[in-house]
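Dropping a structure here in structure tokens format, bear with me for questions.
A, B and C label the chains in the order they appear, each numbered from 1.
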Amino acid sequence: MLAQFLQFLFSGATVGATYALAALGFTLIYNASNVINFAQGEFIMLGGMLAVFFTQSGLPLPVALVLATLIPAIVGIVVEKLAIEPVKGAETVTLIIITIGTSLVIRGLTAVFLGKGTHSLPAFSGDTPIEILGATLMPQSLWVLGVTAVVVVVLWYFFNRTLTGKAMLATSYNSLAAELVGINTSKVLFMSFAMSAALGAVGGILVTPITLTSYDVGIMLGLKGFVAAVVGGLGNGLGAVIGGLLVGILESFGAGYLSSAYKDAIPFVLILFILFFMPRGLFGARVTDRV
Amino acid sequence: MQKRAYFGLYIVIAVLAVLPLVVPNSFYLDLAIRMAINAVIVLGLNLLIGFAGQISLGHAGFLGIGAYASAVLPTHFGWHPLLAMGAGAAVTGLLAAVLARPIFKLKGQYLAMATLGLGIIINIAIRNEATWTGGPDGMPVPAMGLMGFELTSDKHWYWVVALMLSVSVWASINLIDSPFGRALRALHGSEVASQVVGVDVVRYKVAIFVMSAVFASLMGSVTAHYVGFVTPNLADFFHSIELVTMVVIGGMASVYGSLIGAVLLTALPQALATFEGWETVAFGMILMVCMIFMPKGLVPTLAAKFGKGD
Amino acid sequence: MALLDVNKLSIHFGGVKAVQEVSFSIDAGIVYAVIGPNGAGKTTLFNLITGVYKPTSGEIRLDGESIGGKSPNELAVRGVARTFQNLQICMNMSAIENVMVGAHLRLDRNLLKAALRLPTLTRRDAEMRVEAAELMRFVGLEKYIEARADSMPYGALKRLEIARALAMKPRLIFLDEPAAGLNPKETIEVDELIRKVADSGITVVLVEHDMKMVMNLSDRILVLDYGKKLAEGTGEEVRRNPDVIAAYLGAHA
């Protein structure tokens, strides 16, 4: 009974950590530009696929992982420079279509160059499960949770203790005012894209040994990351992390106790339910329109 | 401005009347039928997105309800196809109406999230209830018949769909230039100003959402009968996006933009089929380039360039 | 009985008490002005009475009926119209359509009839178009009857808002800084326009910084400072009130 509960909790938290990283990516870009980046999931996919590709071509694991994080970050910058910056201030739908176009291009290129097969990555520290009160925890789960925790702490430090981080936060509150005090908001924008692409890629790399990857896993992962970001209240970093874990854990419990066929529907039922009662997510700021 | 709008309608009717005489073969007739079906859906969606300024990323879900009503009810329960079509539209309308009230208290990104979620839930339900729907493989749809006459030939389908399209264009133009239509456009222009003059904004958003959902459902039924087969792809997230893209590429808040968007995006995959393996890349590129260089869509951009209104 | 009765009205945004226990009443047929320094809560007061904000406490009565917390569209039904300090024009529509939207509640809003273009509906709509053009002439916008809203200058848009409000055939109209941003000649014209509106029997409530205009037009004046009522009375009474003098000279007594 307890063992089963813990089992669901472990697997939910592991997947949830990936959603949390994706949700942080959404949040970063949303704060910098008000854009919902529907290509976020493709960075998760790209991280996993590149990690597989580089390890299979014989590179040592650490090098492969660094490359698999850096390349998506560069792709993120390219996307921002070519597709987002030229249309600053366009309507929401227009921006949504641009980011979806971007996701199609990334997915299409991956299929062309890395193939349409399903791939796996060896777990970083072996496959010997750890037993806790009758439930088993894979060492890779610890990697996922540990790295996510480190990333969250580093991000917190970055945004609260460094000048660049504070400049990025300032831009998200009021980009005009930020520009007036001398912050280069266009630099903030491309840093946000680079960081959120890297975050997505890290999540994708870490989770691949557990969930496998292929060129088309990005859509669902991205959409669930979006759910997580909205659950937490768009733009709220801590909310995104909590949202990610919540979505992952509830999905795991739902699949385990209710119906595994409807596993993918659970995050979306959850978000509709939350939005109906809390139109700005769990931690979203209440705003009053000025007229 | 109104005169010019109706002049456009005559051109649409003329083109629709002449088209079957000039298409070289059945491949193009089939393409024309699918374009017209999409055009009707996109007209409805443009009223919601372009005119009323509300977003929906889940309309393919409604299309799916219509399509599967037309597949499941006649196959498993022996319903008459027309009755099944009506039932699909009624269920869609009811679902949209019940959910729209809480959904349209939301704005912007939150609204996008809610409609997206709704569409995905519908799609997952269709995929999972394999006993009824055939699951991911889909299922065949019986032919549409009326009083002993079976609608099977493409020629007949063409005329049915062309009639639907002409009526939809006419009704859209009428609606836009009416008190109802002005209220829709006003709540897009300034929500607070429209409220202050007495527009119950949530009611109007709900009304146009339900109407566009019912349109999508009806055309989903038409698609099902015309193609003779349904798959869950009809209702998936990507198809929702395709429909929204037709609205935006053609031009938001433009009736004729909707038609152009539907025609172009229906033809595009055919044209890209020659790219073998690169279709997705090319499709994505085209979306990006169009939106970066014409963020307002084709028809409004061209209209502005040549100095004409609407 | 007064047309509008406001009793101990307050709204708080977080810790900010934007309007505190403000009470006053407005008789039908007069021009009533609300003045005060920037940030005194004038626009917030308008937003409260016209339903854009929900009051934290207090009571608003229109013709004896409690209307506090009702939504703007419910107030529109009861004949309350307003304009905005920051323009709220629908730039996606033509100028005359903006005025016609003002007549929303007076027209047949049926969706089906509209889609089928039933003659009863279109005839009434055509009449409304004529009436809207007439209103545009009334506010001095005859030049812009065929114009698109996004091609009009600022001063013209201010009047377009007034025309839209008048199209409602309101009993009570709230004008939020109708002369802000206008040049002296335009200000005089708006001054005359408000006089004409008042003469047509509509009760006018006005927020304005132009003191000459306020003194010239208003029957009674309410002075707000830091969200509180400082004084209320005729122009002469207000002008002599020591608190008002102190507030305006910046020396808080």
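Everything below uses one rule, namely that a contact is a pair of C-beta atoms (placed from the backbone, for glycine too) under 8 Å apart; a residue touches a chain by one contact, two chains touch by 3 or more.
Here the structure is a predicted model, which is why all the values come from computation and not from measurement.
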Most remote chain, CA-based centroid, reference being subunit A: C
Centre-most chain, if every chain is reduced to its averaged C-alpha atoms: B
Whole-Å gap between the CA centroids of subunit A and subunit C: 48
Euclidean distance of C-alpha centroids - subunit B vs subunit C, Å: 41
Chain centre separation in whole Å, for subunit B relative to subunit A (CA means): 31
Residues of subunit A touching at least two other chains: 291
Junction residues of subunit C, two or more chains touched: 52, 84, 88
Of all residues in subunit B, the ones touching two or more other chains: 192
Subunit C residues touching subunit B - in the complex, by the definition given at the top: 50-52, 71-73, 75-77, 81-82, 84, 88-94, 97-98, 100-105, 107-111, 113-117, 121-122, 125, 148, 164-165, 167-168
Of all residues in subunit B, those that touch subunit C in their complex: 1, 170-172, 174-175, 177-183, 185-186, 188-190, 192-201, 207, 211, 253, 309
Touching residues on subunit B, where the partner in the complex is subunit A: 49, 55, 57, 99, 102-103, 105-106, 108-110, 112-114, 116-118, 120-121, 124-125, 128, 192, 237-238, 241, 244-245, 247-249, 252, 277-288, 291-292, 295
Residues of subunit A defined as touching subunit B within the complex: 30, 36, 83, 86-87, 90-94, 96-98, 100-109, 111-112, 219, 223, 226-227, 230, 234, 261-262, 264-265, 267-269, 271-272, 275-276, 279-281, 289, 291
